[in-house]
Amino acid sequence: MLDTAFSIPLVALSDIGRVISLLVIGGGLLWILIRSLRAKEVDRRIVFLFIFIAVAAPILFPITFQERATLIVKRVFDKVESSPAGSKVLLAFDFDPAMAPEVQPMADAFSRHCLEKGHKVIFMTLWATGQALLTQSLERVVRGEYPDKLDGVDYINLGFKAGNENVLNIIVTDFRMMFPTDVNGVPLDSTSIFDDVKSCKDLDLIIAIGGGKPGVKEWVLYIGDRVNVPMAAGVAAVVAPQLYPYYPKQLLGLLGGVKGAAEYESELVKWYPHLKERGTPGLRMMGPQTLAHMVVMAFIVIGNISYFISRRRERIQ
Amino acid sequence: MPSHPTTSRPSHPAMLLILFTFFLLPCIVLAQTEVGQTNIEGTPIVPDSEQIVAAPVTSLIAADHKYDDGEMIELSWVPSIDDQLVDGKVIGYKVYRLEDDGEPQMITELAPGSNAYNDQSVERGKLYSYFVSALSSNAETPSVRTAPIEPQREWLNYELLNVLIMALVLGGAVIYFIETARRGKKLFVRKIAGLEAVDEAIGRATEMGRPILFIPGILDMDDVQTLAALTILGRIARIIADYDTKIFMPVSRSLVMTAGRETIKASYQAAGRPDAYSDDMVTYITDEQFGYVAAVDGIMVRERPATVFLLGAFFAESLILAETGNSVGAIQIAGTARPAQLPFFIAACDFTLIGEELFAASAYLSGEPKQMGSLKGQDVGKAIAMAAILIGILTVTIGDSWDVEWIQNITTGLTEIFSTK
Amino acid sequence: MKRQVPLIITFLIGMIMIFSFFIPPLEGLEQTCSLFFDVIAVFAFFLGGGNLMRIHINKLRRRKKDWGFSIVTLGGFIIMLAAGLLKIGNPGGIAASPTTEGALLQEIFTYVFLPLQSTMYALLAFFVASASYRAFRAKNREATILLIAAFVILLGRTPFGMMLTAWIPESFSVLQVPNMAIWIMNSPNLAGQRAIMIGIGLGVISMSLRLILGIERTYLGDESA
Amino acid sequence: MRRSTIIVMAAVFGLFILSWILRSTSLASVQEHYLIGGLKVTFSAFLTLAILSFLYKDNPFYKFAEHLFVGISAAFWMSMGFWTTIVGNLIPRLSRSLSEFFQVPYQPGSYNFVYFIPVILGIMLLMRLSSKYGWFARWPLAFIVGTFAGLNFVRYLRSDFVEQVSATFVPLLVGWQGVGHFVSNFSLSASGQFVAIVGNWVIFLGVICGIIYFFFSKEHKGAFGAASRVGIWILMITFGASFGYTVMGRISLLVGRITFLFRDWLNLIS
């Protein structure tokens, strides 16, 4: 905790930092624009440098924005919120460390929301690299924040199995054939959460979090379309557009990228204000995102200006 | 299952066939399957007067789950009238089962408000009857028992009959046109922009004396895009063998390595130059996506290929590879059926095969009748889709706006054919 | 033997998979095949490891260019393999999950694998920018359409989009940039994605059919082998 | 090796050793094994920067990181596959004594012998490593191709063909209430008829024209050619939208990495 005496210059410092970084980025872009007007292309390394600054500066000197949940996100939130306590929710962590910065905030928000509501949560992953992440995030979110929730009763970690969509093809009719035990070797039959769960048909909600293959599409193809269980998804922004055809018939809602996570978080802290202290990584990430977006857009504009100028010169010659 | 009224008049005989099989057959089957209804003889246990007694559940029905291997019996009932949120006497339900008229055994306990349960622990060849007890704080009121029922095995999942018929129609069309083409009929395939450039791209590499890099995506042999890429590789390797250019193919799956070697070897043999082939042309890197990308990026900047083919299933690496390839000045021909990556290929590569074009490419390159025929077969599928969409949209619009019943019926029928839930 | 047997296997397994979708009693068979596949997939990982060893040992032996780095690969491979297969340092012993906190595998994962993988992925941020500058140019009508759509969505995903067009009254709200972005996602994007999806779906269907029927057999190599 | 290279390498190593010492001292009060803790974070940061250095140009640090990555990842996949599938799913079905050794619950069953089939196929796959019996690998290959061809055939047919067709049945007039109403409300809300109707028309024409673009067996000219051109425009909008939507995701990955460098390594932010 900082003293008030300390915090004032610090606030000022971060303000100065913000101004300076904006000046650097703005000035630099102007310089590139002028170069482009003289029909000189800039080296791609300079473009790289700009993105680095645009992302790094708001991390050092945070900028935050307000978010409001759009319908496609709100529907997922409402489903989790309106399901009766004790509903069985499957959370699939189908991502790897590389994708984690983008989808981990969603995974955390879903886990917290389900546990707050008293749902029973089944965790699993189709990615070998997802299991290590799942271990970490259970340690941090579930055991760290909800120590009174019991393994095997309120939640269970099935871990990873090799075989991609084949795993889904089996659990759609039988969990125990694929997962005789949970990740720690405890037989499913001895856990109360699996008492009346034989297959995916017995779940109340499936939330798939992913962004690659196997991912949400495979969940829809192999599970969602075969069983009558509502399904929602949180995905990396890159795959969200191609999942739109599944909404709202095959997917009840969809969180796309960090913005989706930020929207879900904003809804979550509105209903559960005490979750605010646990962190809202999605909302926090929107600062660097926005600035970097502006830089990318500036580059598109500058690129086109220089293209038109060079084309006109060619024509004149 | 809603039955389909006869008011719709499908013009095509095939459509008529589909409608017939899809709507009539299930009705027949439905009529035959047995439903265990509530047995009137069941008598509730008369409880002590001090006990808080909840009214029993009513209308308990046990029915075989449709279209499975006899693995499930579905129970449904109307909850007890004392089952209310506020001041309700019911604190839960217990489901009991009698196996072949044996002793009742509790199989599960359910929360208040429940009105259904699926018993999945049943076996074929045994008779089961059920009753459900409403629980109050200190008493249990059983319902009447259901008549014994046996879980049934069904031999065909009629809910999926429309998919089966569609499979037969599409499969039939593909096979029919393959046969037609084999009998020597010339089939037309439209130009595919990216492929016109293949010869030129290979020629360029030959002139510059620099290698050609072929990246078959990062998925295994279980993905059709990888297989399509290998088919195209077969054609490209043939040209390369003729030109005597160097080809290099780093892969991220050991099975793809196996298949890639077989493919290139076969092409070199077909070109009459088996001696020029070497196993070093295809190297396995690692299964890990970004480990692979790191290595391929390294290869690109060190080997400086003149031409890069990026054909197959790509994910996030698409842009990393395409931009690195561009930075070393390579001509790049890309193609994938992953819609998410197409924008990056379109932006960063010289030519891009969009979606299905990847599958069509091998047909276009080879000109083999079997491939051309299957393309034509696919087009039949597209025609069916377009016709269905056209009719569906028209009837939905007219039916909704002017409330014409028989047109609405066509919509319902068409929706039934094209949906599976 | 070399060619006929594989073709028969593909045909049989493919047919089982298709028919078990429609015939409930075959479901068990389909699932057993799926489980078989999972096991074979693990052997494919082993084949991959074997190939990796072979390639890099070869490189070392022949002193090819950059052979020194092959030592790094082999070293990393062997250490990680030992850590994983022997569960070195796993606090829970042999029964515990291989990724238990504190196990050597998990440590290497967190401090070596994770930074490498996520940084490699993060390179994309840079390449997106360089592609925007270099490639997103209104060269022709198609490129211009792509550019405009990209620009609207980009703008709509930032708070600036809202700020710029907040003055537009509610009855024209579709012209506000964030709403325009939503509309593009829900209408033209959906249409395009669906067309691609249907096309690819048919492509997959006919390719699968050709494989099962043995019409497509390039992946097995050619007759002569 | 050139002298300048050696100087650069030495300088980089010096800096990282310095960072290790600094990091360890700052960890000394929190961790028991602060030297190792400091080394782990510093090494992670070194690898992160080594990969980023590729953006400038190829260099030995990148080569080191690349080769290390390849080795480690291959072994990681092998280990995970072994423990989860071989030990988790195969051994419990094959052998009681092995199950006891690995402490997994044995699953007896009278048809368990069939699980030797994948083992045999798997071993055939490994024969690929031998040049003489390599052709045996075609059997498991055929098995895999067959499995997925079959699985994909029906699943794509259902979810990406059949379902998508019926999902496109959208009304071209949504609750028509006259021209006045139609042109007076351009909002995206439920009452905005204009937007809803135009949207559905776009879906209708877009899907049809898009499919026409993918028609291969008919020459694209005349009305068909015009429709196919509209199709490619729709596809271009789709790709543009995908690109725009994706940029944000890509940026967040970099945010993750830079946060690691600033927070875990340099301790600049909390």
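Read from first to last, the chains carry the letters A, B, C and D; within each, the first residue is number 1.
Just so we're on the same page, a contact is a pair of C-beta atoms (placed from the backbone, for glycine too) under 8 Å apart; a residue touches a chain by one contact, two chains touch by 3 or more.
Keep in mind the model is a prediction, meaning the values are calculated, not measured.
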Taking contacts as defined above, which has more of them, B-C or A-D? B-C
Chain separated most widely from chain A, comparing mean CA positions: B
Using the average of all C-alpha atoms in each chain as its centre, how far is it in Å between chain B and chain C? 17
Between chain A and chain D, centroid-to-centroid distance (C-alpha), Å: 14
Chain C and chain D: spacing of chain centres that average the CA atoms, whole Å: 4
Between chain B and chain A, distance of the C-alpha-averaged centres to the nearest whole Å: 25
Where in chain D do residues touch two or more other chains at once? 51, 54-55, 63, 65-66, 69-74, 76-77, 80-81, 84-85, 89, 103-104, 125, 128, 141, 144-145, 147-149, 151-161, 163-165, 167-168, 204, 207, 211, 214, 235, 238-243, 245-248, 250-251, 253-254, 256-257
Residues within chain B bordering two or more other chains: 160, 163, 167, 170, 220-222, 224, 227, 254-255, 259, 285-288, 290-291, 294, 316, 339-340, 342-344, 346-347, 354-356, 360, 375, 378, 381-382, 385, 420
Touching at least two other chains at once: which residues of chain A meet that condition? 44, 48, 51-52, 55, 96, 98-101, 129, 131, 159, 161-164, 166, 169, 173, 178, 185, 225, 238, 241-242, 245, 259, 289, 292-293, 296
Drawing the touching chains as a network, do you get a line, a ring, a star, a complete graph or other? complete
Inside the complex, what are the residues of chain A that reach chain C? 42, 44, 47-48, 50-52, 55, 65-66, 70, 96-101, 129, 131-132, 135-136, 139, 159, 161-164, 166-167, 169-170, 173-174, 177-178, 183-185, 241-242, 244-245, 259, 286, 289-290, 292-297, 299-300, 302-304, 307-308
In the complex, the residues of chain D that touch chain C are 40-41, 43-45, 47-48, 51-52, 54-55, 63-86, 89-90, 102-104, 114-115, 117-119, 121-123, 125-126, 128-129, 135, 138-157, 159-161, 164-165, 167-168, 184-189, 192, 194-195, 198-200, 202-207, 209-211, 213-214, 231-248, 250-251, 253-254, 256-257, 260
Listed in rising order, chain A residues that touch chain B in their complex are 44, 84, 86, 96, 98-99, 129, 164, 173, 195-196, 198-199, 201-202, 212-213, 225, 228, 238-239, 241-242
Chain A-touching residues of chain C, taken from the complex the two chains share: 27, 30-31, 34-35, 37-38, 41-42, 45, 92, 95-97, 99-101, 106, 109-110, 113-114, 117-118, 120-122, 125-126, 128-130, 132-134, 136-139, 147, 150-151, 154-155, 157-160, 182, 185-186, 189-190, 193-194, 196-197
Quick one: which bits of chain A touch chain D in the complex? Just the residue numbers, please. 45, 48, 51-52, 55-56, 59-60, 98-102, 128-129, 131, 159-163, 165-166, 169, 178, 180-181, 185, 187, 211, 220-222, 225, 236-238, 240-242, 245, 249-250, 256-259, 285, 288-289, 292-293, 296
